[in-house]
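Next up: some structures, all given as structure tokens.
Each of the next two complexes has chain A plus one other chain: chain B in the first, chain C in the second.
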Partner chain A sequence: MTSYDTAATVIDRAPPRRNYEAADIHFIASRAMTYLLALTACTVVGFPLFWMVICSFKPATELYMSPPTFLPQQWTLQNYRDLFLQTRFPTYFLNSLIVAFGATLLSLLVGGLGAYSLSRFRFFGISGFSTVTLFCYMLPEVLIVIPLYIYVVQFGLADTLFSLIVANTAFTLPLALWFMRSYFNAIPVTLEESAMIDGCTRLQAMWKVTVPLAVPGLVSVSVFSFNHAWNEFLFALVFTSSERNKVLPLGLATWIGQDNIYSWGMLLASAVLVTLPVLVFYLAVQKRLVVGMTEGASKGE
Partner chain B sequence: MARVEIRNVGKIFGNYKAVDDVSLTIEDGEFVVLLGPSGCGKSTLLRMVAGLELPTFGDIVIGETVATRLRPKDRNIAMVFQNYALYPHLTLYENIAFPLRVAGRRGDEVDKKVRWAAGLVGIEHLLARKPRQTSGGERQRTALARSLVRDPALFLLDEPLSNLDAKLRHSARDELRTFQERVGMTALYVTHDQVEAMGLGDRVVVMQGGRVRQVGTPEEIYLYPADTFVATFIGTPPMNLIDMPGEVLGVRPENLMPVSFFGQESGLRRMTMLVSRIEFLGSDKLIYGALDDPFGQAKVIARLPSSVPADIREGERAHFAVREHELRSFDPQTGLARPAPIPQRASVASHG
Partner chain C sequence: MAETHTVQPGDRAIAYLTLTPSAAVLLLLVAVPTITVIGISLQDVGFGEMSGPWIGLENFAWALTSRTFWTALKNTFVWVFGSVSLEMMLGLGLALLLNRTFALRGVARAIILAPYLIPTVVAVLVWRYMFHDIVGILNYMLMSVGLISKPMVWLASTSTAMLSVIIVGVWKFFPFVVIALLGILQSIPQEQYEAAEIDGASAFQQFWRITLPHILPVFLLTALLRTIWTFHKFEIIYLLTGGGPLDSTTTLPILVYIKGFADFELGRAAAIALITFFILVVLLAVYFGFMKRAEARQ
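Moving on to the complex of A and B:
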């Protein structure tokens, strides 16, 4: 029998059996793991969040009921009303917004320009400098808070929001520098050179070409520094003292400790309001953030 | 368009001399190609003309202006980069409009210019796309269109065809040349591809080790190489170099033909070759072998058109000949060419 005969018989055969991916144990296992992970994330992260929101709408009596009710029997905004009328929550909230946005803008400005220099220019000491900044980031907050406090007092910045903006920026800056530097490194220099030949100054080339391409990176940095400044407690505790200059984490903490009587309803309402801006911020930049995390290296083609 | 003068330009990076005392004049409307192997300094020279690097020595004059210290934006030049450097966040339209917008032009004028430039390179239908949605050839044309809109005095092209596949490169080269003739642009073009250089350049500047080895028309460079480097760098396969007492003989593979080819012709240098291998390449045959004395067993390659009848077999001796006037002679010490047997027409760089 020749090989031609074999080839002919193949034509008569039934259609080949299809290899289904789903029949593979690894495929099923990895799918199962994905769903399990998603379920865990939903319950561990999602449920407390859900519980917090639901409970903030319950009247005080219902909060202490045993067994607890799942959905509020009586929906109320009393907790929110109390929060705004009885406490200085609006002041704290505004202060937190000022500090968080201030620190974010400053991180973007200083970090962005610094990272651009680290990425594009070569001069004496520049690589040493970038290594030192990374070491700075490794220092825990507790370690730098006292030296920073001394600076703050000596510059006459004690009990000001500006001191918090500067301190938070100082803390997030190293990461901003390193993150943005690698981001700028991934954007080809030829794009700027081309822009400069097309009539731009270096600053114009950076603004018109490099920055638009680095937006995902800038967004990642801004999310990080906003989140950090919004949640930051230690600097706020040490640097600020007056009610006028308290930020949310500090304000909330002081209520809890005040008289050992927790107004759970108000705390939950404030927790919801504290979470809201971060959530909104995340949702607003989410799409660009994901791009920033994953696509950094392939930019600029 | 403008005349460009490169005066004794040198560039040193740390301890490394990338460009060493180069002088060159590009006439108005001339297409000059810088050709050389990787690391010969050709791209550095181009970047210095563009203003992206400051020459360590010497001056660059564009038109009537000494441009050595001018910023790139003030030189009125256009450059096409190897990777095209199209702005990924802008559409092709905005890419082409970029130089105009930077110059502060607005409205109809921009639109008219962009469409004119896009029309010249045939990409009008793609203007709404982003660069990543286009092919390599289309990107290359977009880069060309962008370089055109500003009516620059000088075009700089840094290996603009090297990212295209072989077929596209061929047509792009043809387009580029047609285009250059139509626009009449003064252009400085960098490549390591000799076919590109020979095909495109009015004049070719062969560089090696940061120095200019020869400047001349493609014909001059090929027929009268200034030294052994140019002789072996240009031509595939390269010129055969045969070490003889007191000289190095250069023979182009296509000039080394079977004796029978020449008939009764006189003025021939005869050579006997022990053939080691024959390659059939379609239109040509390459014959590899070693020459008998008095040519000192020199390894040579002969290129025969397939249409030339020749009874040559591997492992046997065959009789070849070269016309005396097609032989080139080089100094064995310096490698520099000695005057060719017919009137010397090559313009040889003074500092070769």
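Moving on to the complex of A and C:
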């Protein structure tokens, strides 16, 4: 960690000062300011999520109360129970898992292989392909949703989870290619080369040396792909319609605005449950996530 | 650039073979659809049809002369400019804050990052509940401190809908800016600040002369990236307002969806989608140009 508090630096490193008291006051004021700002920021940014969790445990009477109660006067699991017993929530959840895992697996297999080539070779067209990949990643969904919808209808794939897996790959694959390429770039070529001097073929060296080292990269790319597919809404909205094949974002979206049937309590409880898998994954790859998320912006290579 | 192998026999075959599946998938899912969408934009596709007679550029002419399109274009710029400028300001402020050392900084960082990680539909649900005119906490809070005298209908009024959508968008996406800037802030050599301190530079001078020049390239790149992404955001607006009330939050992506899948006029939808894409290509060209320059400097 290279960051220091500037005020603290004054105390630690600056040449001795005469006026210790002034320095102390400056130091304390600066510290207090930091904590005050941090507290305010966390309160404002964190409040909606806090409110979501708290309210999902409130009984219906309290949810529709004006003025609202802050903490639940009576904690209840009723909203969660209703969600599982009265709605198709479990079906949506399962469908989302199938689509997200499907798209992730597909882009990892195809993209992992391709990214190796993008990272290691400089034959004709390869660096051009890298640029195209990044370009695909930034393509607007609304542009390709129209033709993909036509294909889906013509191939009889309308209202299937399979169509969603394939369509999601259009975005998770460029992501996998681009990120995996930078992970492979970070693994020294010399490791493979010494394996080859010891008698490995190129493919053996790749499989036995590079791939194991790239596992952390593979894990974080999986998390990104999964997250993308888990969130994806437009393709689901256009391609699927039946209750049986709805994924979570689409299922919940159709409940919004029907608060006579689906109470806010149920909606908030479902919001909490949709967030859980994302949270679990985040905790698993916390460190790498920050690196990966900024990869596009700072392009660390 | 990363180091590459010394070329060996068979490498060329391996390079192209491992790339083939990716190339095939991208061709089928991105390139072919892009050509198809150009084709559709040149056809008069009737309600619920998949194709129709060729009509040249008529769909584009229709778009460029329709009021709906220009309203959507204007809304898109308000949405992009409003969101990105607020995200950048907030992101910079909080990155500077999180760059200082204080107890529980890890916790603060996790809380500030959280909105970026939650699914969009979750963000929308929570905010719709908070925005609710009768049971929403927002109206209650604003009324109890006296900022408003009667409950506001945030999402259902033409004057506040865009503002509300921007608030939710900024809350959801500004953490990306925080992370991007935090990375670069932590790479500034600490000695520069120490030297400035000895020379008697004020905190503001230090920010202006050391911090800002150092982070500027990444700051601009992040702003550009956020502009591109915000430009074609669909679901957050669609789920909050559906583009309403009365077109007041209909951006170009929303208009494409409405034309294509509510009015079922695929030809016109394709034309608008392509115009959207052209604007985006200009932004992307700037982005790639910028990145090339940044790369050359390294």
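Points worth noting:
Heads up, the rule we're going with is that the second predicted complex is superposed on the first by the 222 of 301 C-alpha atoms of A that agree within 3 Å, B and C clash if a C-alpha of one lies under 4 Å from a C-alpha of the other, contacts with A are read in each partner's own complex, and residues count from 1 in each chain.
Operating definition for what follows: contacts are C-beta pairs under 8 Å (C-beta built on N, C-alpha and C of every residue); 3 or more make two chains touch, one makes a residue touch a chain.
Since we're looking at a predicted model, the values are computed, not measured.
Set side by side, chain B and chain C differ in how many residues of chain A they touch, and the one touching more is C. After overlaying the two complexes on the shared chain, residue contacts for A:Q204 are found with chain B alone; chain C is out of touch.
By the document's definition of touching, of the two partners only chain C reaches A:I126; chain B does not. Once the two complexes are laid over each other on the shared chain, residue contacts for A:L268 go to chain C alone; chain B is not touched. When the two complexes are overlaid on their common chain A, residue A:L213 makes contact with chain B while staying clear of chain C. In the superposition on chain A, A:E193 makes contact with both chain B and chain C.
Of the two partner chains, neither chain B nor chain C is touched by A:L77.
Of the two partner chains placed by superposition, only chain C is touched by A:P147; chain B is not. By the touch criterion defined above, A:L276 reaches neither chain B nor chain C.
Shared contact residues of chain A, touching chain B in one structure and chain C in the other: 188, 193, 299, 301. Interface residues of chain A, counted against chain C in their complex, comprise 1-6, 8-10, 13-15, 31, 34-35, 37-38, 41-42, 45-46, 48-49, 51-52, 55, 63-68, 109-111, 113-114, 116-123, 126, 129, 131-133, 135-136, 138-151, 153-154, 166-167, 169-170, 173-174, 177, 184-186, 188-189, 192-193, 202-203, 227, 230-231, 233-234, 237-238, 248-249, 252-253, 256, 264, 267-268, 270-271, 274-275, 278-279, 282, 290, 293-294, 296-299, 301.
The touching residues of chain A, counted against chain B in their complex, run 188, 190-191, 193-201, 204, 208-209, 212-213, 299-301. If you check the complex, the residues on chain B that touch chain A are 50-52, 71-73, 75, 77-79, 81-83, 85, 87-89, 98-99, 102-103, 131-132, 146, 150. Partner chain A is touched in their complex by these residues of chain C: 1-6, 8, 10-12, 14-16, 18-19, 21-23, 25-26, 29-30, 32-34, 36-37, 40, 50, 94, 97-102, 105, 107-108, 111-112, 114-130, 134-135, 137, 140, 144, 171, 176, 179-180, 183-190, 193-194, 197-198, 203, 206, 218, 221-222, 225, 228-229, 231-232, 234-235, 238-239, 252-253, 256-257, 260-261, 266, 269-270, 273-274, 276-277, 280, 284, 288, 291, 294-295.
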